[in-house]
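What follows is a set of structures to go through.
You will see chain A twice below: alongside chain B first, and alongside chain C after that.
After this line comes the complex of A and B, so read on.
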């Protein structure tokens, strides 16, 4: 795998995608199906043209067979992303996104670009958002402190990105800042 | 694309060409680089020789017309006046010192002429007295275009440095009201081709706004209220410089030109309607609508004049006829201009209707424009007290006449951009593409697994179609060589076998068609040579004022006479819902529609009831809900449903949804185009703005929750959500119950009743909490199940309402004795008409489906893992013996004698030996050796059933019993070895016997 060594010891993005594929999405089925039991639960029934909520993996599977249209979540639209990008660039903190938005967006854009309006524009917006957020998380890492680091609204993919560095850095910092006096209190 | 044709005349030598229509529309004047003005007669074709006016010394830059005269402005700096329709010059109105005249414009009353030249000033000259002149200073560059606001009180001028100035000319002193910068492009070079683009601010006849082509290549609407950009006309397919703009005389249409095309837009929806592709060889320099005809003309840089007759098809509102308006929605700016007209400038009385004004409000109420001439505005007259500026003058005098709504097919749209939907419902979509010589009909289904999409070429131009559950029906009108016919294409049959055509006699027209039938219980994808459940039903409404009922295979069954004019119909599983006009529309605006349900079975009337459409509104859609009840949607945005349609002649229209009150609708300009209705969702397409019909590509169906239009606002008083759910659910339960016969109530209904009871108990709880005991009692009486009464009593007990609890108990007792009131009502009602019973879908039966069982998995019995103490030889057959064993754990007696056990064993083997399969017996042997060694417990009760139930013992059994004498240790060994075999036997062992 072409990942840098530092990343290999954390979860890989495809693995995260796999986890994210348990999230529910809305679809417009093109086939009818009774309510059906799967290991993760029972989904359905599919009654075209009524919308149905099914896990992403199933939606992707159906989509590949041209058996459904995926209804993109409302955050996957040009307007929403543009607003968020404006927020993201104007404010210091991370703006709020679904926890697994990168994975879901990637999967949907890969599988169902025809169901998403303006998918090319969305792609570029997501890239912009990602870059802004990456810059912020880097900045956040500079301020790393041995006791705490609070980065609210960080998403799974971003957490994953900083994890290897963060874990080691925290370890080193804790060693460096260990207060010998405090330690010696417990030595006795 | 060949049916769009324009008449082309090479009018002038290549270069800037200008054109203007005379105000009566009889002439079209063109002027060009060759210094000549030609007077074309609009009613003659390409081969006319127009008279010419040759006075100008240099190229003609601009033309303008009034009622009596026409004017030309030329590069030689003279503005010349001619008599209307005459090529002989009357006078020179003005001349500017050696500056090229750029634009002239005559004010709508025809009294004043605004002249702009290469000088940065604008002259406003009185035509009667050319010395009387105003000079407007304000621009710093060449003023390219000037235009008048339709009332003549404002003048807009566009200069080469990209500024638009709005002038107020109502006072003695001209006033500069607003400078709008940065909208139109700024140009330096006066001789560049860009300079020849028409950048005029084109006023809408209502005077509410003007449109102008912006530097960003958009068509921008600038409103008069704020003088800012309020909206744009845009389409994804259109990019590029806007060369010229023109508004139709009534303001309904906007023509624009980009690239080499000419487009026509609707000003209401701001959407592109028609395109004239490759209209010119060079860019268009000027566009104009004829003031009196459906004619659009333009001149291009090659010096040609193009005339496009009938740019607006007759199916759309005319571009000329004044649009009646029902509402002027915009608040008017009042008071700022107390006298709108300069006394010198105009002799017109303020209230006098002006020709240009008649188009007012074209923008306002497009939807009603076609069929109703409303006289709203009367009421507004007094308080407005406004001079003719608001232009309502003509409308006010109109008599209110309700135009009858034409017949329509639910779910169809008119042809737009050569495409239309013939049908759009919960089953699928029929799309039509016009290919000039023929149509391409494309049929797609929402559920691709149930029916197969298809398309075909249609030479008959089918204009009516309906998608039924079992087939699609198409109809065409009589045309030159063929008479009208109806074609039915069932889904599940081979085309040659199922399809049939029903020819109508020569001049009879088809007004509406419907295809109905019970929903198929199997997929229609696989073709067969005949369905046992039939092909459904077809109903045809014809201009003979009758309904023809045909069976799904084309047998004519009945021709039912209609009471009134046919309006629309839709077929359900067992009936057809026909809407007809009972007599005429009423004077006060009601459409006077009647809805009738005809039973397919015997053609009887099941329901006959007036449609609840409010005055001034039309029927938009009719359909069938998922449960089979007829539903109606009107132009006011209200959905009605007839839940108890099965009780003959007693159905009522229930308002189930008011889209105006939807949460999502608040603050948004959108409308809903119904597709279907299910229990708690309203399936529709959402149309933005003033769009009336869905367009291509096909939009997604949206689901809106059905909210009964209840008014209760206080959530504390009673939970609104529960009330909603309860009312909605009980209505649908009613529909389901009506469909049931005397047979046993199915579990599904019982479950739904129970769910309803839950909602009721919730409501009872709230009532108890708020101390509303009468309400709690009322709710208790509505409960369905006696067990729910207990729940209600618990609630009452919780709130320490002892009296209430007792009353509830009494109610319960009464219920137990006297049956449910609902059930009794149900019997008392007229008998609901039950749905017909259907034969099975097919002869062979399908296997039970996989993955549809939601219960816990069957317990796997693993004897190898079972506690050894419990073991007894497992029964060879799952009868009797197991029943005996059920008691085993409970009644185990440790001190049971060995002998007893031996007996039992014998019995067991006697049983086992009966099936004379040796193989099985061999298994039995193994099993027998299995029993666990430590304290084998026998079941003393087991013996009895085996004793009594099994008659004669097997005479061969005893020799088997030899095994029992084997020693304890042997048994252990046997158990060890046969562990795996035991597992394999688990299939034979009933799971429950061992616990």
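After this line comes the complex of A and C, so read on.
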């Protein structure tokens, strides 16, 4: 009953999606519902056509039953992503994104492409952004040492992607620099 | 309880449902942390536990409160489902409540399984847990019993299969021979972890001798030993 081997070293993308689904998203409900107490908080009332904010998992659930339209967050638009892509390619540092944007974008594009304008274009922009940022992560590997590496604006899914390699790299560097003083200090 | 009354229990105007900081994080760029709900707390501790090489203190209170909440929601749903007067709209609501219960159960289960795995892994060669009282304090009674039984089984197995045939001075599991790795191994606290600062952090010493002061929101890759104290204080989370 202990944790399966495949999950021991890292969390998986579906688990990250589960966590990201707790975040709030705006919907236009097609059914009405009283205000309801959930474990994560109270949501509603839903009164079509008034917008309401509910957790993403709930929105996905309703959307799949065609009981709501999802209002995509402002960053999931061609204009915004185009600006970000330009910023990302022109500067050396990572530009700012919502921490769980990859997961949220994927879930929304999978479930509600009809609610998102130009979803195909958004898909390809996200892919381009991902590639630019991935290249930057790889460059960041040059700066790694045995004690600390700052990673400003890196997002949840990106961290998970580089985790195995970066953790190992730092482990190797730690072994190379290990000396008795540090050993006693850090109680290894 | 009458069916109407039960139905009201799902409504938020019931005093029995104290909501800890209803505000959930926004999809916007907000870096500010609103007060955490119980579920958000558990998710944070779950991820900490998944990423930390060492076993962390058991979050018995958060876990207990959430399990109670799950039970209350399940009871309400059961009562409503048994009621033939429940309307179609009500069914949609019940289904959403049930979906959430399943989601929360998944996190609870994964949290417990992660701890179980660590308790056993640390236990495996070492009886580290039985040996260190500091570690014992982090475990719940059930986890401790489980670890002890497992340690006993492994030791019996080692004895029966190999150790009893060895010369007496090599039969122990605890001998410390110089220049060889110890047979009792603890968790590797030098393993690197990704850390996110939840608040301004007091300065910590890095293995290279310099100090690091994490600003709120900063993300850093660093050995677990560096941030162990900060994690215990709740100033940082592992991501």
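Definition applied: the second predicted complex is superposed on the first by the 170 of 188 C-alpha atoms of A that agree within 3 Å, B and C clash if a C-alpha of one lies under 4 Å from a C-alpha of the other, contacts with A are read in each partner's own complex, and residues count from 1 in each chain.
Keep in mind that, in the parts below, contacts are C-beta pairs under 8 Å (C-beta built on N, C-alpha and C of every residue); 3 or more make two chains touch, one makes a residue touch a chain.
Fair warning: this is a prediction, and the values are worked out from it, not measured in the lab.
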{"item": "Touched partner set for A:36, first chain B, second chain C, both or neither", "value": "both"}
{"item": "Touching partner for A:87 - first (chain B), second (chain C), both, neither", "value": "neither"}
{"item": "Touched partner set for A:141, first chain B, second chain C, both or neither", "value": "neither"}
{"item": "Chain B or chain C, by number of chain A residues touched", "value": "C"}
{"item": "Which superposed partner A:67 touches (first chain B, second chain C, both, neither)", "value": "both"}
{"item": "A:132 touches, of chain B and chain C: first, second, both or neither?", "value": "neither"}
{"item": "Which superposed partner A:51 touches (first chain B, second chain C, both, neither)", "value": "first"}
{"item": "On chain A, positions contacted by chain B and by chain C", "value": "31-38, 42, 67"}
{"item": "Residues of chain B that touch chain A when the two form their complex", "value": "426, 445-450, 675-676, 678, 681, 683, 700-701, 703, 849, 851-854"}
{"item": "Touching residues on chain A, where the partner in the complex is chain C", "value": "1-3, 7-8, 10-11, 15, 18-19, 21-25, 31-42, 55, 57-58, 61-62, 67, 73-75, 96, 98, 104, 144-154, 156, 159, 163, 166-167, 170-171, 174, 177-178, 182, 185-188"}
{"item": "List of chain C residues in touch with chain A within their complex", "value": "9-14, 17, 19, 22-29, 37-40, 43, 47, 50-51, 66, 69-70, 73, 89, 92-93, 95-97, 99-101, 103-104, 106-107, 110, 113-114, 116-117, 120, 188-194, 205-208, 210, 212, 218-223, 225-226, 239"}
{"item": "Touching residues on chain A, where the partner in the complex is chain B", "value": "28-38, 42, 47-51, 67, 69, 71"}
